[in-house]
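Next up, some structures in structure tokens.
Across the two complexes that follow, subunit A remains constant while its partner is subunit B and subsequently subunit C.
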Partner chain A sequence: MNNLQTDNAPSITVVKPHFIFAGIAFFISTVLIVLADNDLLGPYFGVKIVAITHIAVLGWGTMIIFGALYQLIPIVFETALFSERLAKINFWLFALSISLLGYSFWVNSLTGLLFYSSLLLLISLLMFITNVLLTHKSSKKKNIQSKFIITSIYWLLVTVILGTLIALNFRFAFFEKTYLHYLKIHAHAGLVGWFLLLIIGVASTLIPMFFVSHNLNEKKINYSYYFINSGLLLMVIEWLFFGTDNLAYIDWLLISTGVFLFLSFAWDSYKQRLRKNLDTGMKHTVISLLLLTVPVLISIFLLINFNIERIFLMRITTLYGFSIIFGFITSLILGQTYKTLPFIIWLEKYKKHVGKAKTPMPKDLYSETLAVYQMYLYLGALAVLTAALISNAVLLIRTGSYLLLATAIIYNINLFKIVLHKTKTEKL
Partner chain B sequence: MSELDKNNLVTLDVRPTIQSGKDPYNDIMAAVKDLNDDQTLEIINVFEPIPLINKLKEMGFESEVIRKDGAVHTYFRKQSGAIEEKQKHHIYKSDAEEFDKILASFGDKVRTIDVRALEMPEPMVTILKEIETLEPDTVLFVEHKRIPQYLLPELEDRNFKVVIKELEENHVQLLIFK
Partner chain C sequence: MMNTTEETKKHILELLKSVMDPEIELNIVDLGLIYNLEIEDKKINIDMTLSTPACPLGDAIVINVKETLKQHYPDYEVNVNVVFDPPWNPSLISEEGKAKLGM
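After this line comes the complex of A and B, so read on.
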């Protein structure tokens, strides 16, 4: 006999605040995009772009991933989270440090406040990393998904250490090369190592679950893991310890192969799906996967660089980051929120009533019409902002920024509709 | 609150921990975990730990509170008899042989459902609807893609027994019965 722990699911008080904070952070990042105006057409390392980037990747992307991961841990690891209390303290510290970090970039306090906020951020991320690693230690389940998740967490550690060093360097100036060199490593460890690997790990569980498709070839995911990690590792080691980028094309080839193996897995799942009609949540997910090809193409363009003028290449570099953060990652979250959060809230409110009374379903917790508007506004914003960065047009930057702001407002209306949902049941 | 047997005491004084500003919760839960059924746990504290008493009550412990010399002594002991039976774990993974034996013991009183083609949360909704109309001598045989982590606590609360057989990645079978 092999008794099963049945209380693996996390408390809703751990998960819910992450979703709320992330929604608000997305809204704030779009307000800042409106305020940054033609600074968005300036150098990609300008403080306003860096402020928006950090609020988006930490406050929006990472925050919601933390919440979703806490919810998903019982499914992937088949064990409960090591400490819910640590997760709660972690949430507040993380929220505080993101706010301070974003503010210090925005007001250009690179030698003052940034120093303290980056140390605070380091502490809060170390807490998260410890919590997940200790959870994984007590898990008997070792599958490819947990391998992705755990590796991505080590890359998060690399990212935050490099980020902290860059912040310290503004104050103590100890780097041998320009900080932009380290910024490049920091950004790739974060975007590829943390986000991409984590998303592949989580998505390879969730995508077949939501498409309802069976018997997929997990080998592709397995190979994808080794391709992406070897490419990234090679890149980081060469940049960090040798300061050269002779292997850049090989790095690109390895990582791109890994990306396409993952996309091919997702495509198999899409083709074999039993669920033929896609709701907005899944349409957003499909869009996100298609958008993942954009940074792959932009990065090879930047690598070849065609001797184009530097100022143009800088805007394309901004577009590169934008296509990952506001393209791939944002589209995925905009869709997956509708697939996960309503279920989490529904589970909390209705699991006692299911089978005994008539209850709403998770999809009844939000407005599908608003979700549709959200998707079209988002696609409009994406197209206009991409055109703006390529053509250097201030008018397009403004139009696109307001479209993105409208997307965030509609997303937040639905988000709060879900989290503020009041239980209603009828007799069977 | 009844008077508890205090012959075999395990004592934990949490006052120094509280004095130093820390929360003694983890220490207490560790002591509870190590406690044998014939032992009584004594917690010495400066106030009556109501949340702890409630929490341990859920876990099947009786309690008693005695105030002396300005301190509060709270005693916990595992309840015996009928209630312990209810606390026992009825959800477990089994091997094929045991699983088939249990299934066979129900004869033809088997209701079968396959929830593998359903989108979340339909599998959970379907199973919970089925068990509400399940006759006491019938077993619900479920084909599922994975161990339903969010469903198990609800089945436990509704006093069902669950036996799980893992066949392969993405295929498990469940037996759910009273």
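After this line comes the complex of A and C, so read on.
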């Protein structure tokens, strides 16, 4: 009918739980940040930081991306999802494994519970990867966006395999080098290969759609793909097979060039936008894109090294991860939730009423005022926590943590307002 | 005859101004999404597009068009044909629409 892509849209029962779990996981990660207190100023590989990181990247970032992908894949691949049932089973298994994994890190059960939870996580991610790859197989449409999505999924596979090996190594100790050596590749495969590539692929469709800008030069996105992947591949191959990082500057240059090509594409879209007034959702998105430059700068600082004391460099390494996870990724999700979820729920509730009765608009499903508070609290949290990590100040860590917790509470109020929305119609 | 085809067309376009693109928050007529409108016998045939082929709200917009017209033209058959050729672009927005968007 009508050759509309919505014909392939998945059931709301597949998508909605992902958004709910992600919101709660974000809240929990901010509670743990408050509880971790001055442990946040310790080594970046401390169990509390690792627990928070995994709950944030898996429970918050990856979970919401899975939900959004189930909605978006039919549009980008122009085919229905291979299996909705697999996606539903996957959700529960993934949710359970994240909870167990986060708990095992938090209580420092690295040789006990971590072993089982990491295997469970591996299985659930393999299920997701299989579902997406089989969906892609039946798709005739091959565009740059699907190339980004599929490649990012292979990087997710690399990330989880390395993560599982690190977890197994805690129990069976078979690595020749310290696990921190593998942690570096695990983290970059995850943050750059999985998150960054996936976000660029998805954003190159969504950003022009939300800004309403046309005739953009997709070549930049295409080149960005090759720069980022070659930089990351070079980094991983050198680390894994030669155990060195002599080419680190070249890796950095390649990946950074890719990042700036993407940002330049987003800037073109921003300049040509039809909608001059940005809502909070899009403001958060613009902030996220600006924040993407922060880890690029921090990583070159860490590479140059400057012979600064080790404990300071460790905090800056924490800041590097923080700027990607709680900066770039979190700001994007905090904004994009308002650009996607209200529309998904609105379609579910009002599709059968449109034209017959007066219906609210998608933006009426949440409070824009709360969203504005959320944005300012978030910016405050980010600034204070960054200052805390640089200056080693416990008081600032505490203040920043509570601001981030307040951000998560407000976000969740709006999130539940949207998902619990009751249908309201008036006669025309 | 009072109600000529041209007047009916005008009335239909006026009615369609109540159908909003929920993302851009502008009605589909001023947005320039209606490419063609024909009335023959008891049929209303509309060729329309969407601001982006990936528009997840396309379905709801099409339903909205059909239901809105059915309310006022219950004896007519309403056919909506969604086309992406030529692709929509911002130059199709009416002057009124441009003013509303602050362009």
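Simple rule for what comes next: the second predicted complex is superposed on the first by the 421 of 428 C-alpha atoms of A that agree within 3 Å, B and C clash if a C-alpha of one lies under 4 Å from a C-alpha of the other, contacts with A are read in each partner's own complex, and residues count from 1 in each chain.
In this section, contacts are C-beta pairs under 8 Å (C-beta built on N, C-alpha and C of every residue); 3 or more make two chains touch, one makes a residue touch a chain.
What you see is a predicted model, and the numbers here were worked out from it, not measured in a lab.
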- In the superposition on subunit A, see if there is space for subunit B and subunit C together, and answer fit or clash. clash
- subunit B versus subunit C as contact partner of A:343, first or second or both or neither: both
- Query: Which of the two partners, first being subunit B and second being subunit C, lies in contact with A:214: first, second, both, or neither?
  - Reply: both
- subunit B versus subunit C as contact partner of A:361, first or second or both or neither: both
- May I ask you to decide whether A:41 touches subunit B, subunit C, both, or neither, giving the answer as first, second, both or neither? neither
- Message: In the overlaid three-chain picture, which partner chain does A:9 touch, first (subunit B) or second (subunit C), both, or neither?
- Response: both
- With the two structures laid over each other on chain A, which partner does A:324 touch: subunit B (first), subunit C (second), both, or neither? neither
- Look at A:276 in the shared chain and tell me whether it touches subunit B only, subunit C only, both, or neither; answer first, second, both or neither. second
- Under the contact definition given at the top, report the residues of subunit A touching subunit B in one complex and subunit C in the other. 2-4, 6-7, 9, 75, 209-210, 212, 214-215, 274-275, 343, 346-347, 351, 354-356, 361-362
- Note on the structure: subunit C contacts subunit A in the complex at 19-20, 22-25, 50-60, 62-68, 70-71, 80-82, 84, 89-90, 93, 101-103
- Message: Quick check on the complex: what are the subunit A residues that touch subunit B?
- Response: 1-4, 6-9, 74-75, 78, 143, 209-210, 212, 214-215, 218, 274-275, 343, 346-347, 351-352, 354-356, 361-362
- As the complex stands, subunit B meets subunit A at residues 89, 91-94, 98, 116-121, 124-125, 128-132, 145-147, 149-150, 152-157, 164, 169-170
- Residue set of subunit A touching subunit C in the complex reads 2-7, 9, 71, 75-76, 205, 208-210, 212, 214-215, 274-277, 343-344, 346-347, 350-351, 354-356, 361-363, 428
